[in-house]
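The same chain A turns up in both complexes below, where it pairs with chain B and then with chain C.
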Partner chain A sequence: MELFLQRLVDGLSEGSVYALIALGIVIIYRGTGHLNFAQGEMALFSTYVVYQFGEWGIPIGIAVVMGMAVGFLLGAVTEVAIVRPISKKSPFAVFIVTIGLFQLLNWLDGAIWGGQQLPNTGVGSKQIRFPSLFPSKPTDFVTILGANIKIQSLGVIALVALLTVGLFAIFNHTRLGLAMRAVAANGESAKLVGIRTGRVLMASWGMAAAIGALGGVVFAGISTSVSLGLMFTVFIYGAAAATLGGFDSPGGAVIAGFSIGLIQNMAAGYAPEWVGQEMKVGVAFLVILGVLLFRPSGLFGTSRVERV
Partner chain B sequence: MSLLRAQGLTAGYGQVRVLQGIDLEVNEGEIVVVLGANGAGKTTTMRAVSGTIPRQGTIEFKGHSIQKASTDAIVRAGIVQVPQGRGTFPELTVADNLLAGAFVRRDGAKAIADDIAKWYSVFPRLEERAEQRAGSLSGGEQQMLAIARALMSRPKLLLCDEPSMGLAPLITREMFNVIERLNKEEGLSVLLVEQNANLAMEIASRVYLLETGVIVASGTAAELSADDSIRKAYLGF
Partner chain C sequence: MTKPLFSIKQGGPTSWAIRIACAVVLAYVVLWIPTSGSNSLIDTATTALTLMGAALSLNLLLGFTGQISLGHSAFFGVGAYTTAIFVTRWGWSPLKTLPIAFVVAFVVGALVSLPALRIKGVYLALVTLTLGVVFPQFIKWPKIEWLTGGSRGLVDTGFKFDKNNRTFEIFGWNPWGNLRGENVKPFYFWIAVMIVVIIYLICRGLVKSRVGRSLIAIRDNNTAAAVMGVNLALTKGMVFGLSAAMCALPGCLTAMKGTVTPDSALLTVAGSITFLIVMVIGGAGSLWGPIIGAIVFQFITEKTSNWIEPDEIPGIFRPIFSWSKTAPSGGIFALSLIALMFVAPLGLAGLWKRLIGRIVAVVPQPVGTATLGIPTWEVEEPPSATK
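After this line comes the complex of A and B, so read on.
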């Protein structure tokens, strides 16, 4: 029972990071139909920025909010300056451009913070110690039903849950949320009711990048350090969570993100010889494969039906 | 009084010019119908007026040029379009569709809620389905929703792009009755493009005939049906 509780909380706190990245992917996909390959790297850039703020003596709690603001700007500028002009000419090219952005941001991080010589190879980058948002000393735990639960894990889960509730309040009860849902449902009609779709898309990319920034900071805190490769696997899990959740469903992305973290940790914990730390990714992907075989549009995605 | 006036209006897509310079006018309180076959440029005309595609020529609304105005500015000014194929927001509820229709309004939640209640009383089917997703409605219900959503912005001029498309004849007639009623009771001016000439002519104050991007004839419904060649080509009797 104690072990189960520990694995549950650890799984959920890891999953919350995937949930954040998946949320970002879904918000952008709903708005513009693009898969933002640079979602993880935008988050990493903001994470380094938060580290930098910390170096300048700003407390981590304030630095993370500022880092999210920087993330918002990065996302918004990316949409206006890069994605919009290119998607007018070729929507497909945007995918390639986001891969380029992935490279560019990682290169930039390496040049500024990663201690890389130019041209950098991305290998053997410097690990920088990263502060946690929550108490994370080995003695910082609470005992629940006999299990020692890390305060950091609980804090992360609570923070992500809070953010998710806030986001859904924005989606469902604000003008911006209504505009975002309208643009996602039918961009042309959104224009015809007078919504400035350009601004909505700009805000969507900004929000996605700000959410990702928080994901990066949380994950760097859990891992106690930040390095150039920090977000590679997280992005893969995040994209997997977005797929599992249904790609156009923010709620699905969050649930799927938490689920993937949970499945991984349970599998690794209960079958240490069979699965263990090395193969826990495989189990998560097997589950995803299984779900997609029976529900191709994901757990909560809308399968689009064309009326002929 | 002239509400909408276009002169030498041209528009198209990329290199292809669809409208070859048309003159068009809608006076206050009129229902103006533009008839044309597939590919004549009906939808392009709607898009050019709504500003969703680039256009050249003079185009004025209430005496002010809207040639350079963006779509949201045009909606704010009082022109709203019901797009072809309804164009509702399928994943949103009927109620949220109507709320989105009021996006440009700044007169407060109370006034908007009152308007939603008003259109529910005009279209009771929509009230029954208020919390359903718009995508689950029938074609006729979606067309009603599309019209009600457009009216939520309190327009002066309603643009209708082939409201009869894909609807059963009885429902089409109902739709035209609604448009006529809105025109009479609310003083709403309407610019409507159609292939379905017979029904559209019944409610039209004036009619334009559009052929491959050029207006070839115009006049009252009576004048046009009196012309033998037009009657044969468009009305089929």
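After this line comes the complex of A and C, so read on.
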């Protein structure tokens, strides 16, 4: 029972990071119909920026907010300068550009902060110690039902839950949220009724990158260090969560993110011989494959209609 | 568009003269490298040929059929591990494992293609990306460590040359000399050349045939292709399998050099991205594209590999890259990938064709070049929001 509770909380805290990345993917997908392969690397860049702010002596709490602002700028500029002009050409070009951004940001992190760059996907790359947002000394835990739960895990879950509530408030109760939903529903009509779709898309990319930045910081805090390969598997899990929840459903992404964190931690914990640390990512693979094969719209997404 | 200055008749004497001239230059270069080139040049050329093979096979799938794969590093790895396992466990000669690897990778690729028949466009990219990430983890899986050697990998997977150098004689003639130490490099080079030639011929044979036209039809419009009588499922599955099988061959070559580890660069998903970069820079949907791409890629990588200390960076590049703590090749390729999408989505080959097209026109347009097009798929409209 104690073990179960610990795994539950660990799974949820990791899952919260996946939920954040998945949210980013979904927000961008809803606006433009593109899958942003650079989502994880954008988050990693902002994480390094937060680390840098920390080095300059800024307390981590403020550094995170500043890092998210940098992330917002990065996302917005990317959308305006690169993605928007290219998306007029072809979806293939957009795909290649997101891969290019992936490579570019990963290289940039290595070039600025040092570390082995691709091709190596950060395997064996330089680890930089990263501060945690919450108390994370070995003694910082609370005992619930006999299980020792890390305060850090609880803090992370609470933070992400809070952010999600805030986001949904923005989606449902602000003019920006209304505009975002209108653009998602029908870009052309949104333009006709006077919504500046360009600005909305820019804001969407910015928001996605800022949310990702928080995810990166939280994950770096959990794993106590940041390295070039940090966000790579996280992106896979986040993408798995977005697939499971449905690419156009923010709520689905959050629920699926938590579930994937739970599933993979439980699977790795209870079947160490079969799943273990090595095949954790295999769980994500099966989820993506299974969902796309049997229910392409995910659990909460709207099903796609194909037109000839 | 302005009218070209010259026009060359397809199959006419001028066209043949150009072809023969190109073939002579190519043959000269290929012969010059292993006989007169330095050892490091031979190494570079072998690596470039490895990338060429993988990018050519990816091109058949992505450039011609419009199916994205970010999992080709896995097929590459299947080749490497097939050779490694057959050589270390059952003492096969590495060259004989090539057909086995081809078949194994074909089966794996065809299996992967089963979901690929339902999953399209960027979702397929996601699935294959995950495949590429899972593959090295799968190799390290404790359950199959007895076969793959786990994360330590396998050693002694290469050739065992006998003392008298009789193993690789061709009808009693030994062109290799004493296969020891550095002398082995030309030998690997020739294997790489053989693999690339095989892959190129398969691609060319397919693309210039009826099958190739159906592939291009699938790329340009799935539904229309089906209406025209293309068997979508069969064709896509076969091409996926074939592409995987061809990608396994250069993988075998890496194993033949001696060791295989699951984390080596081309076996991880970074390998898939490298193949994609090579293919896109060279030119998607062009037979020559990946060949040009691999040469350019390897050239830039080698030239910039020591640009870490500012003193090493030559001339005008110094102020641009001196701040960087790592070699700049990764950034150069990433930027050129993005820039190419703006100016020349069909890569260097497409750029070349566009420029040369202003001066020379080939009449009638040869099959397979007139159909140069951007791989595409229908964008799904973002589905209407709920409520």
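The rule we apply is simple: the second predicted complex is superposed on the first by the 280 of 308 C-alpha atoms of A that agree within 3 Å, B and C clash if a C-alpha of one lies under 4 Å from a C-alpha of the other, contacts with A are read in each partner's own complex, and residues count from 1 in each chain.
Assume contacts are C-beta pairs under 8 Å (C-beta built on N, C-alpha and C of every residue); 3 or more make two chains touch, one makes a residue touch a chain.
Source: prediction; values computed, not measured.
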Dominant contact partner of chain A by residue count, chain C or chain B: C
Chain B versus chain C as contact partner of A:Lys137, first or second or both or neither: neither
Partner chain in contact with A:Ile82 - chain B first, chain C second, else both or neither: second
Which of chain B and chain C A:Arg129 touches, first, second, both or neither: neither
Which superposed partner A:Thr302 touches (first chain B, second chain C, both, neither): both
Chain B versus chain C as contact partner of A:Arg175, first or second or both or neither: first
Partner chain in contact with A:Ala184 - chain B first, chain C second, else both or neither: both
Residues of chain A contacting chain B in one complex and chain C in the other: 181, 184-186, 302, 307
Contacting residues of chain C [partner chain A, same complex]: 66, 68, 115, 118-119, 121-123, 125-127, 129-131, 133-134, 137-138, 140-143, 223, 263, 265-266, 268-271, 273-274, 276-277, 280, 284, 323-328, 330-331, 333-335, 337-338, 341-342, 345, 374-386
Residue numbers on chain A that touch chain B, as the complex places them: 175, 178-179, 181-182, 184-186, 188-196, 302, 307
Chain A partner contacts - residues on chain B that touch it in the complex: 50, 52, 70-72, 75-76, 80-81, 83, 87-92, 96, 99-101, 103-104, 139, 149-150, 152-153
Chain C-facing residues of chain A, complex: 29-35, 37, 82, 85-86, 89-93, 95-97, 99-104, 106-108, 110-121, 123-124, 181, 184-187, 232-233, 236, 239-240, 243, 248-249, 273-274, 276, 278-282, 284-285, 288-289, 292-293, 296-297, 301-308
